[in-house]
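Below you'll find the structures, each written out as structure tokens.
Both of the next two complexes hold subunit A, though its partner changes from subunit B to subunit C.
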Partner chain A sequence: MTDLAIDVVQQLLNGFLFGSSYALIGIGFTMIFGVMDKLNLAFAVTGLAGAYTGLLLFHLTRGPFILVFLMAVAAAGLIGLVIELACFRWMPRDYPLAPLMATMGMLFFVDEVVSHATHGRPMAFPAPMGQVMMDVGPWLVRGDLGFMFLVSLAVMGALWALVYKTRLGLATRAVSQQPVAAQLCGIGLTRVNAAVFIITGMVGGVAGTLIGSAVGNLSPLLSLPLTVKGLVTAVLGGLGSIPGAIVAGLLLGIVEYEALYFFGIGYRDMVTYLLLFAFLVFRPGGLFGQRVGR
Partner chain B sequence: MKVLARVALFTIIVVGLVAAPLWEPVAAQERVLKVAGVGAMSGVIRGFGINSKAVFDMVVDEINKAGGVRLADGTRAKIVGTFLDERCNAEEGISVVRKLASEDWLVLIGPTCSNVAEPLFGILQRKVGDAGDSGLQFPIFTDTAIKPGLAKISEWAFRNVPHEPTMYNHLFKWLKEKHPNLKTVYGGVETDFAHSNSNWFTSMKNAATAAGFEVLGEEKWLLNDTEFSTQVGKWRRAKPDIIAISSHPFTTCGVLREMKRQGVKPKVMAGLTSTATLETMAGCGPEAEGLIIPTGFAPVTPEAKRVADIVAKQYKGNVDLHSAAVYENMYVLKKVIETSGVEAKPTTLAQDRKRIRDGLAKVTEFDGLLGKIKRLDDRESVKPYVFAVAKNSDWAVLFDPR
Partner chain C sequence: MEFYFALATLFGFRILLGLSAYVVILTGQISMAQAGFYALGAYTAGAATALWGWPIVPAVLLGAIVGAVFGFLVGFPALRVRGLFLVIATLAFTEIVRMVFLNLKYTIRVGDRTIGPAAAEGFRGITYYFENGWSSLQIAGFTWLFVLAVLLAFWLMDRSRAGVVLRAVGEDELAASSVGINLTAAKVSAMTLGGLVAGLAGALYAHYATYLSQEEFGVLLASFAVAYPLIGGTGSVLGPIAGVLFFSLLIDGLRFLGDWRNLLFGVLIVAMMNVRPHGIIDVRLVRRLAALLRPAPKRAYAGD
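== the complex of A and B ==
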């Protein structure tokens, strides 16, 4: 096999596995949009803030990774609830831009809080699988990214079970389809929205911890790129579609890695945004979203 | 009654005569020298600004405790300082400096980032005395922004930053002497940051070639990147003897981790000057083991140790190759102010700024924390330096060419 073929497949593997980080972030964006029909730009930073909280616990206790993970997930769920209160519930209902701008403000606010607390320095994050590397023929497969891929599948499965097999899921679907009718049936809109933000916050915590672990560091530099890539993933997958976010995240990872290999760093992001543009023009509903009329 | 009135009048006259000579110095004691600092105090580069501010506060306190600065009329003035945030953002940096220049600040130390310094120097008057140029006439003495050649933008701009071409020429020459069997260098560069990008293309790459190494190429990434398997994979295949990484701590750590993961073990690793900081050790000390970086500061002299200790213990900051320059700059300014006739009166603000500028331009050499610092005609410094090496998650001096 030629070097080129080996490299192309290696890029495919790397992109596929790294794309699972985009998928995890994309799930959060898409789930909130699916229920509330609104974008939460502070979602990625919620996950990172959760991961920082887990890291704080690690520095205080030197506890095992699972403790860091659980702390991050719990903290991110709580931060998610705060964001629901501050950026959605307390915002004027007849001003649709208000929640969007509020979440943008929250993104930079949380980012700045983290910058002040850490002096902007990268902080080493526990990476129990950081050096695990598997040889698959001529190719290398990163253990931590493989693990992240499996976790994103598990998260998708858990969310599917939650949405389709529980009373909360039924209420969530009802609110997402007909909020007024759902309220008339006795479903508490406020309670459902709060639950969705806690759950997506927890998904963000999972994402933040796994991304921190894969990168090996946490830094405020991560929040903006993850926000942008998460949004692109959600749009490509179809806003509101969880399977769409998974597939789009993996696709985006592959496209980025192949673009980096063939065209270099200067063109990688250009290719990504051309892909986004092409989707918005030719398939605005995304891979799995509803058809959107022009 | 008359006698009483005469005694009272006499007393007033005597007191007045005695107090008169004292009156002028008391008034002069109230005269102050206003020196401003500007650095990144928020955002992801905040660590650099915090260290610069800690050293700034320390040196202002030290000079004031020692009696302040002597003015043209022989009186002594205390330094009043302020340190403002430029967020590593050009617009904010320019806005802050315009405000300071419109007030009664005499001179500025800073900024942190080269992408702020470059446009900031551009709003200064290009040539002193050019009546047709309405640019700011405000002396700036930079401690951190390190992209080569920036001071030549304006005659009001001065810098005391390591001279990277000199340091890297020496480093690669030294590596060739120490390891004559090493032949090839492969670079890695963070292309979207002014300093790291220019350092690879104007310093490291040329220095490696000049020292007789074959440069195989360079891999590129961006400041926010988190995954480097593609770039490191190319290094793995090329098997270079030396890998030279021109990037800041966050991505340097990511690259070093990926190298470890893929088993890429060059015989020598060299890094960017700005990465010889505690940030790198906090982020990836074990992975950085063996990384060699030329740096303009290490606590290798008694004075450097003293300053580093005081700043760490009392001002909660770190003295590194960037923040150390704040200490040096402030003492140079003190000397210039004392010898160039600065009056520090509200009516002499413009003249005092010009006097400081002219005084700084005349300085050909001054004492730095590691030794003598030479000044160049283009208002840049050539500073003493050492080669630091990452060892046991700390920086150690590998070679001291002073």
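== the complex of A and C ==
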């Protein structure tokens, strides 16, 4: 096999594994949109802030990675709930622009809290896998990326079970299809919305921790790119579709790594956006979207 | 005094940017492309005076026209997507524009200086004001000439049929199209107009700043562009101005808080949206004020 082919497949592999973090962030955006028909711009920063909280615990206790992980997930769930209270609960239902703007304010706020607490410097994040590498034929699988992929897979499985196998999941799906009818059936809208924000916040916390451990550090500079990448993923997959977000996240990871290999860092994001633009023009519903152009 | 002139000039750019997003929001859409149009206007007008030796007025108008052309071009694909999809599509446009300027290299040597967009190093040497010895009062006056012209034009538009058409599309597309409003025409013209004003703002900004770097024209600028009318309200052209004042007074007025200022900034946006979800000057406030100004007997005929 030629070197080029080996490199291309290597990038494909890295992109596929790293894409799982985009998938997790995309899922968060897509779930909130699916249930409330509204966008939560502060979602990616929720995950990041959760990861920072985990990091804080690590610096205080030097505890094992699992503790950092749990702390991050719990904190992100809590921040998710705060966002629901501050930006969604008392907003007019029929005017989506107000919560959009409010979550933008929340994005600034959480971002600033993080910058303020860390003096804006990137901070090293514990890597559970260290520098482990696995050989698969002529290719290398980075341990942290493989770990990221496996954990993402587990989270996706748990989410699937939650949405399709539990009463809460049933209620969530009911609210996302017909909020009024769901209320008539005795489903508490506020309770379901709060639950969705806590759950998506926790998913964000997982994503933040995984990205932190794969990149090796956390920086407040990550918040805007992660927000944009998450939104791109959610739209590519079709807003409201969880399987769509997963496929789109993996696809986005692959496209990014291949573009990085072929065109260099200056053009990497441009390829991503052109792909997005093409999708929106020719297939506005996304990969798995049922509702065209909402 | 210098300080206040500079402040007035900066307010001018922000108001123009807010107005460019305002006209698109009237049709019920959120466009994050305004930062892209702003960047295109800035680079074009900057190139016109610094590289091609144009006078300032045609250069600024060229910047506005380039903004309008791109507004028109973005407006068409935008017809296929709405709402949140449009937010993302236009965000992609802004980012693509930024990437183009990150990679664009087009420089000339003037004496011992390099002028023009030099990829990641930014665009240096847009020194028209400096070369022609303009004072900061002149710069502020020149900027506000355009701001007032756009404000007047938008105010008149709001009171004309065109404004009603845009608002009708924003309220309910189905109802608007069923009374014979051409949705395509309304949305594309709003986008073109938005592009024109944003391009104009960018063109003026380029000459004030003298140096452009693609980093300034990203998601943050696009967010501020839509934040001005959303916070200020879309009830009248005064809305974006109220938004600019809200943000600018917060940024400069809270300076005594030091580092904590930026923390409060986000909190105040959240609080503001909870108190006035439709913005400071919303449609209801404008109607109430209009009713106050109108002669009293008219209200008796209104029935309910």
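The criterion applied here is as follows: the second predicted complex is superposed on the first by the 289 of 294 C-alpha atoms of A that agree within 3 Å, B and C clash if a C-alpha of one lies under 4 Å from a C-alpha of the other, contacts with A are read in each partner's own complex, and residues count from 1 in each chain.
One rule holds in what follows: contacts are C-beta pairs under 8 Å (C-beta built on N, C-alpha and C of every residue); 3 or more make two chains touch, one makes a residue touch a chain.
Keep in mind it's a predicted model, so treat the numbers as computed, not measured.
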Could you look at A:Leu224 and tell me whether it touches subunit B, subunit C, both or neither (first, second, both, neither)? both
Regarding the shared-chain residue A:Phe33, is it in contact with subunit B (first), subunit C (second), both, or neither? second
Check whether subunit B or subunit C contacts more residues of subunit A in the superposed model. C
By the touch definition at the top of the document, which applies to A:His116: first (subunit B), second (subunit C), both, or neither? both
First (subunit B), second (subunit C), both or neither: which does A:Asn14 touch? first
Under the stated touch criterion, which partner chain does A:Gln183 make contact with: subunit B (first), subunit C (second), both, or neither? neither
Looking at A:Gly266 after the superposition, I want to know if it touches subunit B, subunit C, both of them or none. Which is it: first, second, both, neither? both
Touch test for A:Leu107: subunit B only (first), subunit C only (second), both, or neither? second
Please indicate which partner A:Leu140 is in contact with in the superposed arrangement: first for subunit B, second for subunit C, both, or neither. first
I'd like to know which partner A:Leu97 touches here: subunit B for first, subunit C for second, both or neither. second
Can you pull the subunit A residues that subunit B and subunit C both touch? 112, 115-116, 224, 266
In the complex, subunit C residues that touch subunit A: 25, 30, 77, 80-85, 87-89, 91-93, 95-96, 99-100, 102-103, 120, 218-220, 223, 226-227, 230-231, 259-260, 262-263, 265-270, 272-274, 277-278
Going by the contact rule set out above, which residues of subunit A touch subunit B in the complex? 3, 7, 10-11, 14, 18, 112, 115-116, 119-124, 130-131, 133, 140, 142, 211, 214-217, 219-222, 224-225, 257, 260-261, 264-266
Of all residues in subunit A, which touch subunit C in the complex? 33, 39, 86-87, 90-92, 95-102, 104-113, 115-116, 224, 227-228, 231-232, 235, 239, 266-267, 269-270, 273-274, 276-277, 280-281, 284, 293-294
Note which residues of subunit B are touching subunit A in the complex, please. 42-47, 50, 191, 220-227, 229-230, 233, 237, 249-250, 253-254, 257, 260-263, 279, 282-285
